[in-house]
Amino acid sequence: MLSQSPARLAAWILLSPALLFVAVFFLLPVVALLLESFHVGQTYGLNNYLAFFADDFNREVYWRTLWISLLVTLVSALVCYPAAYAVLKINPRWRGLIIGLIILPLMTSPVARTYTWLVVLGREGIVNKSLIETGLLQEPLRILFTEWAVFIGLLQLMMPLMLLSLVSAMENLPKDVVPAARSLGASEGQVFWRVILPLTREGLVVGGTLVFTGCVTAYVTPALLGGPRVTMLATLLYQKAGVTVDYAAAAVISVVMLLTTLLVNFLLRGRAAKTARAA
Amino acid sequence: QQRTLTVSGFGLNQNLIDKNITRPFEARCNCKIVWEVGNNADRLAKLAARKDNPNVDVALLGDYFAQLAANQGLLERLDTSKLSNLNELYDFAKNPLGGNFAVAFTTYAISIAYRTDKITTPITSWRDLWRPELKGRIALPNITTTQGPPVVWLVNRAFGGTDTNVNPGFERLSALKANVVTYYNQSAQLAGLFAQEEVWAAPVGRFAWGNLLATGKPLAWARLSEGQAGVSNVAVLVKGSRNQELAYQFIDFIISREVQTAQANDLVDSPVNRNVRVSADKAAQLTYGLQQIASLRTVDPDYIIKVRDAWIQRWNREVAR
Amino acid sequence: MNMSDFLSLENLTLAYAKGTAAVEGLHLGVAEGELVSLLGPSGCGKTTTMRAIAGLLVPRAGVVQLAGQNITHLPTNKRDIGMVFQSYALFPHLSTFENVAFGLRLRRVEKSELEHRVMEALRTVGLADFAERLPAQLSGGQQQRVALARAFVIRPRLLLLDEPLSNLDAKLRLEMRAELRRIQRELGITMLYVTHDQGEALALSDRIVIMRLGRIEQMGTPEEVYAKPKTSFVAHFMGWDNLYPLETIAGVVGLPASTGYTHASWRPEAVLTGSGDLQGRVLARTYQGESVEYLLESPFGSVKAVVAVEQAQWHEGQTLNFALPAEKAALLKG
Amino acid sequence: MRESRFPIVMLGLALLFLVGPFVVVFISAFSGDRTLAFPPSSFSLQWFAKVLTVEAFQASFVTSLWLGVLSTLLALLMGIPVAYALARYQVPGAEVIRVILTSPLILPALMVGLALLRYFVLIGNNSISIGLLIGHTALLLPYAVRVVSASLANLPRDIEDAAMSLGANRLQTFFRVVLPNIRGGVAAASVLAFITSFNQVPVSLFLTGPGVSTLPIQMLLYMEYTYDPTIAALSTLLILFSILFVLLTERLLGISKYV
Amino acid sequence: MNMSDFLSLENLTLAYAKGTAAVEGLHLGVAEGELVSLLGPSGCGKTTTMRAIAGLLVPRAGVVQLAGQNITHLPTNKRDIGMVFQSYALFPHLSTFENVAFGLRLRRVEKSELEHRVMEALRTVGLADFAERLPAQLSGGQQQRVALARAFVIRPRLLLLDEPLSNLDAKLRLEMRAELRRIQRELGITMLYVTHDQGEALALSDRIVIMRLGRIEQMGTPEEVYAKPKTSFVAHFMGWDNLYPLETIAGVVGLPASTGYTHASWRPEAVLTGSGDLQGRVLARTYQGESVEYLLESPFGSVKAVVAVEQAQWHEGQTLNFALPAEKAALLKG
């Protein structure tokens, strides 16, 4: 380590290209867009936001986006907790394969992934066909172009993120706490509720944030599986910017999206911090 | 260095268009054509966005979208003397927007395509879309598509509305929700929807017919008692284009007899060149011949432009949810 | 196996997955209140044996009996066997108090009794003032004591300790060693103690079990295994550093050559220096405070001798006379 | 030691849900029918042949490839120094820097694409290709920083001190000691970044123009126009490509640690 | 400071960032070829001092001189000072050979000489056969020897070793200790050796520097600091476990009470048992193999006594007579 100031200089030399790049090419346009959302005539104000939320179609889109995203987050947490626990307990020999199967969807084009649901969920799709063949259904269910199709598509898109977060949280469980709890008399269920759950809460928060943010901002899935009947914030944003050339509205939607994800992120973190402090 | 002509087109049947237009033209002009494809609304938005710095030379648009573009000052007036094939066109195609902003290269009827095996009583009226048996089985063009406003207009008429009173149309369309699977943004999506059995009937432009037939499903083109509406697609020259000479050559090329014949035979576009001759069974699949064209009720682009924004609002609020 | 054994392992064979056995045909009995150490080098199967006793590993063969009951297939949480881990394995999200209370809460111990027992246990380990701290706010030694309190507060029938002191520094290790012994005496609890530190085993145990490659090599009181090793392995492990094949050394020091033994060994402290008819050159001289350790070069191999500092007059390179007294030799098999 | 089967069952269901649909697409891709239906009534390789002949796919595949490679390179070139500086120097405001550099991950990607289109391409009058490259690079930068940081964290500082005590200056230390030891992380970052770019939709959505389009965008477009199993075949190819990547990278780099 | 010192630290004050000083006003001289140990508890500033000598930390005040040259502000890579780290700090991507060759390559040593010198160094540490192995394929002791070879192959003017043996297990630590001493003798290299293990310092050093809270507490030969501690701190550190305030003990054992000293101390080995006029009750008896350690309770505090195993006839709870011989006491200040 050289004396303090040359070290600091070196640090800044290393940091500045990336900082400049992000600031100039990235933050500048984004900030301009943020400002534009407040732009009313020659002055600034909240009019664009008021106008956006005054339209009950937009409100409906917003609520739909919110509840579908929350539902996906919730369901993926419920499914992934036991699943992640299983990943840890499974024979290490299979572990690699299973992790591979979890990452595979993440590494596959979301377009291809969403496309698969068009094939699977259609009225002639495998789901309906097998339900009818087994006699569980008379008439094929209409799933495509409903909110449920979007829900299913997003769930598949986002679940690996939750699963991986939880698996890594569980992998980082301190050594031997599970056998310790067992030796103190805890059944498997008690080990889960009393030790594993509280110690993996951070992973849940990370996974939840990733999933929720991903859902709110996803474009391909609602566009393909929902269609115009199931407009979400992202598809609405595209419509405003790409079709009706209403940049102010598009900017408003961007900001609403951003604030929503930040808010949920903040709430989740706050909860985690509170429970950590309480403990 | 090779010259490049950028053309904004619909993208439907692009492989056939490449065969009939792109490759022959490239061979002839020793240039390269770059296509930008998308629906009318999308592409119009892009033209508008790049008004000061256009990157498209020729745009192929629906007639009222072209009118919108002209109104926004995005188009160059055509010097028709540079179009040697212009005189072969039907008269209505020569200057469809007035002011020499455009040349029509095809015209088509809008009607209802439907599954003959599922719908045994033939569809003969717009009103038939409200049949209970079609519950969850029809697709409507989204309001932002080219066919959207004409369909609203036609339905409104069918239920007794007028150009000044569109309430009957919107009220009925709102009541149609239960029958609608989805609102399509591209005519091309319909082929998929029909193929996957999501949809049994849908209003659509004739240009998509070939595409629909390719699904192999038993389909019929409804003969509507209210008559069919006609819409034209036009070619326009984008203001500020730096390849005007090539652009004229291109427009002239797509209205030539040979191209129009090839496109007609592949069921891509119905011809507007009066010298085109096709066999009777092809003709049956197209909007072909002066007689048939004359029977179409043309939708006035100016009217649509006037009401479009209000309709979009109303549609979003009352229909598409 | 002795009928009165409190814990008995009979013919225990343990293996991981499809691997070869980590422990094979182990027999061991522990009397009630006894503290038995498992001593052996890394990988000899100490932890594996513990895990089987705790029920964390199903034996491939053999029986585990506790207080006369066959517990071989009883789930861990029904065994009432406390465990203390090298890593402490405290619950990081729970306070000291809650860590210790964990097992009692699972047993639905009534509130006032629970508080009483937890605080009693914390007092025993000297941590009554630290009840509200989180593990991260405790030093290593304190954490280890919490782990201990957590394990014995449930009044387990048996306490298993797997190298509980090895993460502590030398000074603290000595202190905790004494502490542990005190607590064991105080509570009269039966303990099985795993370590690879011979000093620890000698200082703590009623009995030491020396393991090697999954089998028991020798078993006995600390005095027995220290003073009377039976094999080269045990001798080496117990610091009998001067170890020679009997055929080489028998003639030199006047031991009978063929008696069924293979090696003879002397502790460095047993080597006589300054007299005797053997000669060695000083290779290295290491000052140790009270004593000096000499490394001597001799015709039959190197010899380590420890000499009280007052008599340590030789320097590196010098030659001195020494003797390996026959009566201080340990005779070893294998 | 009978353990509850519930977690395993849930894992099985989750995996079925995650990977099952891929199987359907695989089978559809080999359809001999003219349109997409499942199960196909006959089988053929025609749709794979078709994928190779669609010009839009060829061109956009090349674009995506270049875009992925260039943006990955740029992101690494800027990201590695950042990761190093943050790991080795006490930089005042390190937290703020971290937030700034990860902001591309936090902001909705559509917003990013829109902002770049509006201000960089339209108002700033730059070419779409550059805008696309910038958008992707910015998006990949956080991955590069994060993954390289993780592998730097595992690299003891001591060895740099050791190198200097042996006579190496700072540059020599970096290139001879640090870089060779984080190459695993750098490779993982490259793979992750490339895949992210290659699959990216929202940023690219606004940043396409005549002649400039990425493969995912072309796939979206194609799906709007045609309903034949071409996309199934292309998806199958992409999935196989992913499997190959997953196998390779998981084996070589244990990439699941960084996702 | 002695003019002939090879390394000299003058009034060195060291601090991290804006914190308080970790080392303050340190004076130290090391002669050429000498091996000096820095001994002290964790956090006393040993590593900090090393880093300043190596040039990895800029002193807040003071001067570092090497061979008469002021090197206080010379960059690390120009100092020619070798370092060996507790963590070994081998380059994981380079073979043993290349690790050792690293410094020579930077010095552009010509190929055949480079090979010669690297192999020579590897032979010195006994690793000539391991030249092609990667560090991960070596045991801890082997890795430490590579680190050593890597440091001395560049023929540094000074070698700094920061707890080089603390990651090795007990047996290996003893072996490497001897090895290190041998190599130092062989190469005649000047070494500064950091440790917190008193046994290590005693065994290895020409001189020991005992540090406490960033300052030097006592300095001298191993015999001096072991046998003649000057302060309670040093006494405690050197195993003078029986430490009492002089006013308490002076009357009891017959020492003069007010002589400017504050404490008196006896080593456990110096306590006489079985006779004497003091009485103590056995609190704990710890078997140590050669000896037994007794913890006695006496009126003036607890007493630790080490008794040869043959004489260790008392058991816990018994009372015995003992004496603290005045002539074996160390008198301490502070």
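Going in written order, the chains are labelled A, B, C, D and E, and every chain counts its residues from 1.
Everything that follows uses one rule, which is that a contact is a pair of C-beta atoms (placed from the backbone, for glycine too) under 8 Å apart; a residue touches a chain by one contact, two chains touch by 3 or more.
Given the structure is predicted, the values throughout are model-derived calculations rather than measurements.
Using mean Cα coordinates as chain centres, the one most removed from chain E is B. Comparing chain pairs A-D and B-D, the larger number of C-beta contacts belongs to A-D.
Seen from the C-alpha centroid of chain C, the farthest chain centroid is that of B. A straight line joining the Cα centres of chain A and chain B is 39 Å long. Per-chain Cα centroids separate chain A from chain C by 52 Å. Chain geometry summary: the mean Cα position of chain A and that of chain E are 55 Å apart. In chain E, the residues that reach two or more other chains under the touch definition are 56, 75. Counting partner chains per residue, chain A shows two or more touched chains at residues 118, 124-125, 241-242. Shared interface positions of chain D, defined as residues touching 2 or more other chains, are 36-37, 117, 223. In the complex of the two chains, the chain A residues touching chain C come out as 91, 174-177, 179-187, 190, 194-195, 198-199, 276, 279. Those residues of chain B lying in contact with chain D across their complex are 4, 6-8, 11-15, 18, 34-38, 46, 49-50, 53, 55-56, 185-186, 188-189, 191-193, 195-196, 214-216. Residue ranges on chain D touching chain E, taken from their complex, read 90, 156, 158-159, 161-169, 172, 176-177, 180-181. Residues 55-57, 60, 118, 122-125, 140, 142, 144-145, 227-229, 231, 239, 241-245 of chain A are the ones touching chain B in the complex.
Interface of chain C with chain A (complex): residues 17, 51, 54-56, 75-83, 85, 87, 89-95, 102-103, 106-107, 134, 147, 150-151, 154, 160.
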